[in-house]
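Structures incoming, each one as structure tokens.
One chain, chain A, appears in both complexes that follow, with chain B as partner in the first and chain C in the second.
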Partner chain A sequence: MRKKVLIVDDDPDVIMFITSLLESGNYKMIVAKNGEEAMAKVKEDKPDLVILDILMPKESGIRMYRGLKTTEYLKNIPVFIYSGISKRTFLRSQATLAEFGGEAVPEPEAYIEKPGEPEDILDTVRELLYQGSSSS
Partner chain B sequence: MEIKKMLFVTEFEELWFDALQSLMDLRKAGLNHVVFLHVIERDKVAMRRGTGYLKSEEVKLKEIANVRFIEWAESLFEKGMECGAYIVVGNLLPRILEVSKEEGVDLIVTGRHKMPKLKSLYADSSTIELLRKTVIPVLVHKYIISSGKINDKPFKRPLLATDWSSPCERAVDLLIALQGVVEKAAVVHVLSEKDIKGLSKMDIQRLHRENRKKLDELCDTLEGEGIDASSHLHIGDTFEQIERTAMEHDASMIIAGTSGKGTWKSRWLGSVSQRLAESSELPTLLVPSKDKDHK
Partner chain C sequence: MSKLLLIDDEEGVRKVFSLYLRKEGYEVFTAEDGEKGLRIFKQERPPLVLTDIKMPGMDGVEVLMRIKEMDPETEVIIITGHGDMDLAIQSLKFGASDFITKPVNDEALSIALERAEEKWNMRKRLKEYTLDLERMVEAATEEMRRRCEFENKLIQSSIDGIVATDEKGIIIIYNKGAERIFAYPRSEVVRRMTIFDLYPPWVADEFRECLFRKSCKRPYTWDQTAIIRKDSQQTPVSFSGAILFEKEEVIGSVGFIHDLTKIKHLEEELIKSERLAAIGQTVAGLGHYIKNILIGLKGGAYIVNSAIDKKDMNSLRDGWKMVERSIHKVSALVLDLLSYSKEREPQYRKCFPNDIIKEVCGLLEQHANRYNISIIKKLDDSIGEICMDPEALHRCGLNLVSNAIDACIFDHGDYNKEKDWFVEVRTALERDNKMRIEIIDNGCGMDEDVKDKIFTSFFSTKGGKGTGLGLLVTQKIASELGGSIEVQSELGKGSTFTIKLPYKEIEN
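Right, the complex of A and B next:
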């Protein structure tokens, strides 16, 4: 069965870049333009991996990530953050939200700051999709 | 009336990160989400003879804005705030309206957009045009005042100018929502010369007394909500009297209701809202009427 990858980014150029990178992998690619739309697609399509931007309209990747990792039946979906926002800021913002009464969330499974090298992105996707099983 | 979500419209000229920071006091009043909007005017990337559409220029301008927004967003995210950004090509006003509707914001923040006098005869300033088409309060923020002084606490000492209209009632509600941020407020009503034209001395005194009573009642309402307030009643040119009261009160901001309707006369002379937005040194929070054809 084809693995499903949800790409969440408001920049059409980034979506095109990632989809063309992953084309050779025979993945089923789903696209969302913001956190709100992405959460609906996660619930509907149950992707095997979420590639997530942070700074987006409507709902940021920070809120969407929290929603994902604090929902029992979704929290095991691996999240690969691909964003211009630094990992340090991401972790600090999650810590602040936890401090103000939110639930603590784990670190994302992978984090690459834009612009990422195509090979690094591909390797990360393969690793997250096939960790614990033999790579196809 | 709460301000939870704010649209911050910037051209990176007047409204810089420091100006945004000066609005962060609004967190005490419930602000938790900031949406940035940068509009690249179409003529900057438009078709040119021999070059066509300047795609590379668009990419460059978008990237410059993106780098700035990332830096701003990082600072807000680390404070636990929610943040979003739009960088679009188009005309300013329609884009502001689109994004404010899409995001459901409670406040729009813009810089002042002064127009040449000649152009203002046939076209309204974008601020006035915006107020005519939206029900959302608009803050025309002036972070650096012309004397070079910085206004880093705009909500500290607001002056509410009221003409007792329904937009002004909304402005009162908004002021009450700012209760956690305001240190001391002042309220002013100005009787114009038109209001007293042809009235006898007794009638003028009666009018004065009636308005004084309304102002005192308004102050009582504000104090009941925990906002210390003083009242001021003047006769004269509305804009000039509001400005004078603002100076006397050491105001940090002017709040006013606005119908958003402009007559030819007001276009020529400048409506009070327009004059406050464009000419006052103070940030001006304009609250439009709740009922609009275009939302």
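Right, the complex of A and C next:
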């Protein structure tokens, strides 16, 4: 069965770039323009990987990430954050949210700061999709 | 019982007197001559002495003088015979309190004694009173000295300079703080200099006016100024002072001088570090923005490359469009940067401002429609061809309208609410030859904090998607033309930007 990848970004250029990048991999690609839309698609389509931007209108990636990682049946979906925001800033904001009453969330499975190298992005996606679960 | 010394060479007189005086209640000592009398006096210190005037050896006058020498307070009564009147009067001059004549009658003696005793008592009381008074004065003096010293210590230990003068402006108090600030040693200043030598000229003038006109009572508030030190260096200080009055009379002046060198230094450091922080922020913001553009370039290049490999014309076109969009973003950024950093000469030309606004809206319409935002134009049709800076109008309009669209897009994300987002653009001519353009949106709006920052620093609420330069550039263009920009905004409700740009009527 084809692996499903959900790409979440408000910038159509980024979506176009990632989709053409992943074209070679024979994945089923689902696209969402913001966190809200993405959450609905996660629940509907049960993707094998989420590629997530942080700064988006309507529910940011920070909130969406918390939503994924604190929901029992979603938290095993690997999340690959692809954002202009540095990993340090992202982790700090999650730590702050946890401090103010939120649940602590694990680090994302992968993190690449934009723009990144196309090969690295491809390798990361491949790794996340076929590590551990590759036998199934 | 009061002691009494009786000196007389006649034994009979001594006996009779003794009897009488003892009966009167005196403790009586007797001596038959002056020498012996003085010896007893030294021992017993009686407050009353009765002495005969004519005696062998030392006479009564000499006894009187010697006793007064030893204790001027002693009352000495002289006993005289008839015909000793001259001597008796002389003895009064030497301080005898009274004289009685022989043969002594009891009544006269008793009166003389009473008088003498009264005198002695009075003097004693007076002395006690004087002593008391002296003690009080001493205590008061001591208290005063302590207080003076305390005040002096207060003045001396102040870090601020304190300079006080008499009514002529001559310096009488000059503390260590003042010494440090002015660098003149105390010895050169106190009573040798006036404040007119010491203070900066404008301060000196004000003091001169107040001291000599004697009319102004207002104290100086803290004013910043610079003083010239003895070594000709300038020191920034803040200065306050007052004219001192006593019952409406000018008695002097006082000045307080606070050294600002350190504060100024800190201020400069702060400005420097703020500037560095602002530069850092700008650079970081720019870096972020450029990174975003880079995604488009890299992604576009990747798509173009793989399209060439696959000979896929459609992908090639898509990739190339992405590259072109990124190129457009770079040029917009560079334009922003340049127009912010460069002085721009206003270029007035004939134009139709409403057409320019329509063009701006047209450019952004597609972008707005993608997010279901309608652009409403309420342009004043009576505005025809006028003379203004069309490029400035175009830049400002473009910046403000695209900001308004962004505000609506952000509202989508922040509140998840359903509403009909719009951006309304209005134009009108005002009486004072200014064209007013209003850009109204019902987007996310701003809180006070954001509103304060939008024109001041390289500030952006759009994450990596804004340079934080748009409004700065807009404001700069408007103010270069002599126009203005104002903002009203409420969080969650929307914002209204009003920009006014000057124009000229076209002649003929």
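One rule holds in what follows: the second predicted complex is superposed on the first by the 132 of 136 C-alpha atoms of A that agree within 3 Å, B and C clash if a C-alpha of one lies under 4 Å from a C-alpha of the other, contacts with A are read in each partner's own complex, and residues count from 1 in each chain.
By definition in this document, a contact is a pair of C-beta atoms (placed from the backbone, for glycine too) under 8 Å apart; a residue touches a chain by one contact, two chains touch by 3 or more.
Remember, predicted model here, so these are calculated numbers, not experimental data.
Superposition model on chain A: chain B and chain C are shown in a clashing arrangement. Judged by the touch definition given at the top, the superposed model places A:100 against chain B, while chain C stays out of reach.
In the overlay built on the shared chain, the residue A:115 is in contact with chain C alone; chain B does not reach it.
When the shared chain is aligned, chain B and chain C each come close enough to touch A:60. Using the contact criterion defined above for the overlaid structures, shared-chain residue A:131 touches neither chain B nor chain C, since it reaches no partner.
Contact with both chain B and chain C is seen for A:84 once the two complexes are overlaid on the shared chain. Of the two partner chains placed by superposition, A:71 touches none, neither chain B nor chain C. Of the two partner chains placed by superposition, only chain C is touched by A:36; chain B is not. In the superposition on chain A, A:92 makes contact with chain B only, not with chain C.
Of the stretches 38-46, 326-334 or 344-352 listed for chain C, only 326-334 runs into chain B once the two complexes are overlaid on chain A. Under the contact criterion defined above, the residues of chain A that touch both chain B in one complex and chain C in the other are 34, 55-60, 84-85.
The part of chain B that touches chain A in the complex is made up of residues 35, 66-67, 69-70, 73-74, 77-80, 82-86, 99, 102-103. Put simply, chain A touches chain B in their complex at residues 34, 54-60, 62-63, 84-86, 89-90, 92-93, 96-97, 99-100.
If you check the complex, the residues on chain C that touch chain A are 288, 291-292, 294-300, 302-303, 306, 315, 318-319, 322, 325-326, 409-410, 412-414, 416, 463-465. Of all the residues in chain A, the ones that touch chain C in their complex are 11, 13-14, 16-18, 20-21, 23-24, 34, 36, 55-60, 84-85, 113-115, 118.
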